[in-house]
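Please go over the structures that come below.
In what comes next, chain A is part of two complexes: it sits with chain B in the first one and with chain C in the second one.
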Partner chain A sequence: MLDFFDVFLVQQLLNGLAQGLVYALIAIGFTLIFGVLNVVNFAHGEIYMLGAFAGLLAIQVLAPPAFAVLLLVAAAGLVLGVLLERVAFRPFRRFNDEASLKSKALREATLLSSLAISIITRELMQLYVGADMQSIPQAYLLMTPIQLGPLSIASGQVLIFVTALLMFVLLQWLLFRTRLGLSIRAVSNNRLGALHVGINVNHIIIATFAIGSLMGAVSGIVVGLYSGNIFPQMGFSPGIKAFVAMVMGGLDSIPGAVISAIVLGLCEALSTDFVSQGWSELISYALLLITLLYFPRGLFGKKVERV
Partner chain B sequence: MSSLSRSTRPVLLLAVLWLLLGWLDASYLYRLASMALVFGLLAASANLITGVAGMMTLGHAAFYGVGAYTAALLSSQYQFSPWLTLPLAGVTAALLGGLTAWLTRRLVNVHFAVATLGIGQAVYVTLLNWVDFTRGPMGITDIAPLSTASPAINLGLVMLVFLLCYLLLERTIHSYYGNALRALREDEQCVAAMGLDPARLKIQVMVLGCFIAGLAGALWAHSTRYVSPGDFRFSESITILAMVVIGGLGSLPGAIMGALLLTLLPELLRSLGDYRMLVVGSIMFGFIMFLPKGLIGEYSALRVFRSHLKALEQS
Partner chain C sequence: MFAASQYHKALIVAAFSSLSLSALATPVAIGYQAPLTGEYAQYGNQFRNAANLALDEYNQTHKAAPVVIKFADSKGDALEGVSIAHKFSDDHSIVGVIGDFSSTVSIAAGKVYAETHLAQLSQTASHPDFVKISPWQFRNIITEAFEGPYNARWISQNNIKKVAVISIQNDWGQTASKNFAKSFKDAGGEVTALESFNPGTRDFRAILTKVARTRPDAIYLALMYEDGAALLQQKLQLGLNVPVYGSSSMYEKKLIQLAGPAAEGVKISTTFTASSKEPNVQAFVKTYQARYHVEPSMFAGQAYDATRIMLNAIAKAGGEKASREAVRNALAATKDFPGVTGNTTFDPVTREPAKNLSRLQIRNGDFTSVAN
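Let's look at the complex of A and B:
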């Protein structure tokens, strides 16, 4: 069967899929927060980075089993999400009237404040741990190759795949099958309306940040365990790719973001056949611009009136 | 003071500064002054686009970088004189800016910001990887200075360009055209209803702003005489945006104050070398949080400029 395919190509596709799922992992939390608040959270890449460091710290201090590391990082992500919301977003959410919800100034203020927080976090981490890569202890590293005929996948790639699937399914379950999810969707649909039917909008927003950041932090440690490298700047590049995926997916559609992220990863992996590593970065920006030009609402976005 | 018109005052200020620096005669101060002026231009042009016309740009360093590389390549490879590289750098950056605006003319709010972020990253990746043309991460050396006469003359030339651009921007912002741009920021649909073409306004404002950013890039290339892709990263775009925010979105003197603050502060506190982006981030956060109107808010800037206009009309 595999004789029909170029083994190298299929291998590249697999690697691309794994890379795309990394972007998807980050994009899921990112999109959730955008969907509810309608503001871009530029600090999501830093949550991802902090998640990886939290995992590293847990490994170095406690040396727990790998599963416990993920749980600890998830807890750290929850706390970070609540903190981030308190510091960068709450101060600009003082008003609940129609005009201020649509106000460009407030939206820009949160964009800038999350940008500022992300710079501060990254630079502080860099001062504290240095700019160098920190390596994960060998025992935790998920690099064991698994052979599937002529193909090989690293165990870390399997973990990434499983985590992404799990997160996606859990999030969809949470959003569409639980009361909290119902409230989240209500707030994202119409904040004032949600307020009027007695939903505690503040709590819902905090919960959204906590869930989104939990997912961001877990993706950080999962990728860290696979790649083995953790450093303060690690959130920047995948963060921007996740951002691109979110925009391509239509800003508030989680399945859209996941599909776009996988497409991005596949395109990057395939492009290395034709161009060098450095140039393949350009592919995602080109895709971003093409999407914005021809599908200004994203590939999977709702067809709504622009405000 | 009221007898001085609003354009003679910056001229006098810069002349005094130039004489003072000439008297002190320290090459470090010259470098610092030209850096502050270049960033002043960048912040002023970003203020036109982001502050006045309301188009949040997260890729301003791209236009700055294109200008700098145009000037650097023309001057080091083809021995063009700075008198030619300067306008050509402006034109290349303006072309890229116009193209960006034309492509993104229908995008609003965060979509425009994302598109400019994409353009910024694309330009950075190109500068970094097109090794045959841009020499990649090694950068370009041997760029001719603006004038071979003396460092003081060089600084004087930078000041001259700065001044011309400042006056151009000031006249643009405080005119009926500037009001149209402010209207574009507040409500695009209303602008269209008034019979103005928002897409056209956007393209025009990007062409003008990016022309000035390109000029700033050329000045930077000629005054440091070395450019590398590292100078035109995303963090540079953010620094420029932070300058505009600190000064007060929409306020031209504010943008220049912000640029002075963010270029001089890390330099003056030498020990802060490693903390540069940290300082930028913290100052930016502090301003958004506690002083969202910036150092010199748009309203007060407008009031001052308009009272001068009124005084001029009455006299």
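Let's look at the complex of A and C:
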């Protein structure tokens, strides 16, 4: 038994925490968009993938310092978010009457249009850049080992931790301390009401997409450089995990999604250690199932204010 | 009334004769099913490139009876593979089928070909059960029942006693790791861990940490090069310094490009070496590179040979007059067919191919032949 509490277990916990933060990074932007629009944006995983490719393109063409890569990717994410909203969501937002806002058909239509955009984007990328993984210049790879005694973490894990923390704090500040945040929360709470008090709902929705996608794109390049994998299908699997984290967290609670994502990552690493990697996904989905059975509104659905 | 029915009769006769005429006019075809899109698209596209190369070479020397290849995209999905198998079986211009890529899809489609009596030759399916489906299944790749023991002997010869095995969790990966582990134990070695991961996994740190705890002398990998590249990088980052051996599926230039210094020292067995001095390999590498601007991998070599074996069987079975059964029998009679992945002979009873393996090691960013 004592063997379990060895250095390898601590290393395993570190691995799990890093993996959970990867899911959390994607889940933050994902949950923000859901919280405001009350509709799942299935193209978030593709924004993440496009962010990684935008970063790789910047590296290959300009070879800028790493910090500039992040800024360029953030800008690309912003533009992609606005585009995504224009193509997949705006066409279904023509009516502002109460019946349309509550219409399930309209919600499902945007869900499917974002799914369609996600598939088209992925396949087009595959057509133009190929399905192969892209090789990343060694200088940019965030895999420099940092030794902590017998433990080893990668420089990318530190960056992921810092990015996730920064995104989380900035978003909480934006939502609860700024005028834009107030408007976002108002739209998320009651779109019709927000419209009546003179908030430009369209602008707020576009801004939400831009912020959420910026975060998605930045996570894409950070994770891409840390894992050494950039390829058109890369957004799919972590996108699903972020979705699970969002549902477990209560759909519109960002702290809930972050905590659930970290729990998922830790569970995966520990189930790999004690059972086998083949079981880790089963355990993630079992956790989701248990949550939904016993906490139908998610772990943090009720306790936390919307958004 | 009488006139009308005679008119109908004439129409039916005309329809039938035009049908048989069109059947004569259709060129003989090979059906090629492979993942052209989806997660394994890069393999399917290499197969298509290599097959087109082999086909063009064949059609240049057989201008009187040209053959065409009909490609179908299985997306690496067994369900798609089965519907392609139905489509190919119904297409009477097709006298033989090549594909699919993975054993899972090949076996699913193979069950259809077994019923419709259409010969199927897979360039890569190495699961032992594949050729056991029916007498209509063939493959020109050595199976894990051969490669596993070969690698196990290789590792024990290098005085390594404890090996951890990491494999991909699919039909192929499971047989590859089990065959290896069994023969390594038979050779007196100890398997410290037998780990497998779900396809699509990108983070191998948890598995590597688990493997590190068992303190192996070496790690044996039965997986595809892309997973291998990520795993090797993460292994380097975790500071796990043990030698790595891999199955032939990792032999790919891209492995070195992706993994960089992390790939140094990895040892791999293979049937095909692009740097081989054999004149036919050199000719293939040269034309492939001229046409597609990339060095052919083992997968391209496998597909090139499979296509040539199939074309050879069609020619022997009567070219444009070849029947499906004649093609199958000509395939079964394939003996010492000279290919870029070595000579292929199908065992008359098991239809398993006999081939040779060679040893490679990654040194200074390139694959080099090694003796041990």
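Heads up, the rule we're going with is that the second predicted complex is superposed on the first by the 297 of 307 C-alpha atoms of A that agree within 3 Å, B and C clash if a C-alpha of one lies under 4 Å from a C-alpha of the other, contacts with A are read in each partner's own complex, and residues count from 1 in each chain.
The rule is short, and it goes like this: contacts are C-beta pairs under 8 Å (C-beta built on N, C-alpha and C of every residue); 3 or more make two chains touch, one makes a residue touch a chain.
Here the structure is a predicted model, which is why all the values come from computation and not from measurement.
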{"item": "Combined model on chain A: chain C and chain B, fit or clash", "value": "clash"}
{"item": "Chain B versus chain C as contact partner of A:E98, first or second or both or neither", "value": "neither"}
{"item": "Which superposed partner A:P145 touches (first chain B, second chain C, both, neither)", "value": "second"}
{"item": "Which superposed partner A:E281 touches (first chain B, second chain C, both, neither)", "value": "both"}
{"item": "First (chain B), second (chain C), both or neither touched by A:E108", "value": "first"}
{"item": "Which of chain B and chain C A:I119 touches, first, second, both or neither", "value": "first"}
{"item": "Overlap of chain C and chain B interfaces on chain A (superposed complexes)", "value": "123, 236, 276, 278, 281"}
{"item": "Residues of chain B defined as touching chain A within the complex", "value": "54, 56, 103-104, 106-111, 113-115, 117-119, 121-122, 125-126, 128-129, 185, 234-235, 238, 241-242, 245, 274-275, 277-278, 280-282, 284-285, 288-289, 292"}
{"item": "Chain C contact footprint on chain A (complex, rising order)", "value": "6, 8, 11-12, 15-16, 18-19, 22, 123, 126, 130-133, 135, 138, 141, 143-145, 147, 152, 154, 227-229, 231, 233-234, 236-237, 268-269, 272-273, 276-278, 280-281"}
{"item": "Contacting residues of chain A [partner chain B, same complex]", "value": "40, 91, 104-105, 107-109, 111-113, 115-120, 122-124, 127, 236, 240, 243-244, 247, 251, 276, 278-279, 281-282, 285-286, 288-289, 292-293, 296, 306"}
{"item": "Interface residues, chain C side, partner chain A - complex", "value": "37-42, 45, 169, 195-198, 200-203, 205-207, 209-210, 212-213, 226, 229-230, 233-234, 236-239, 254, 257-261"}
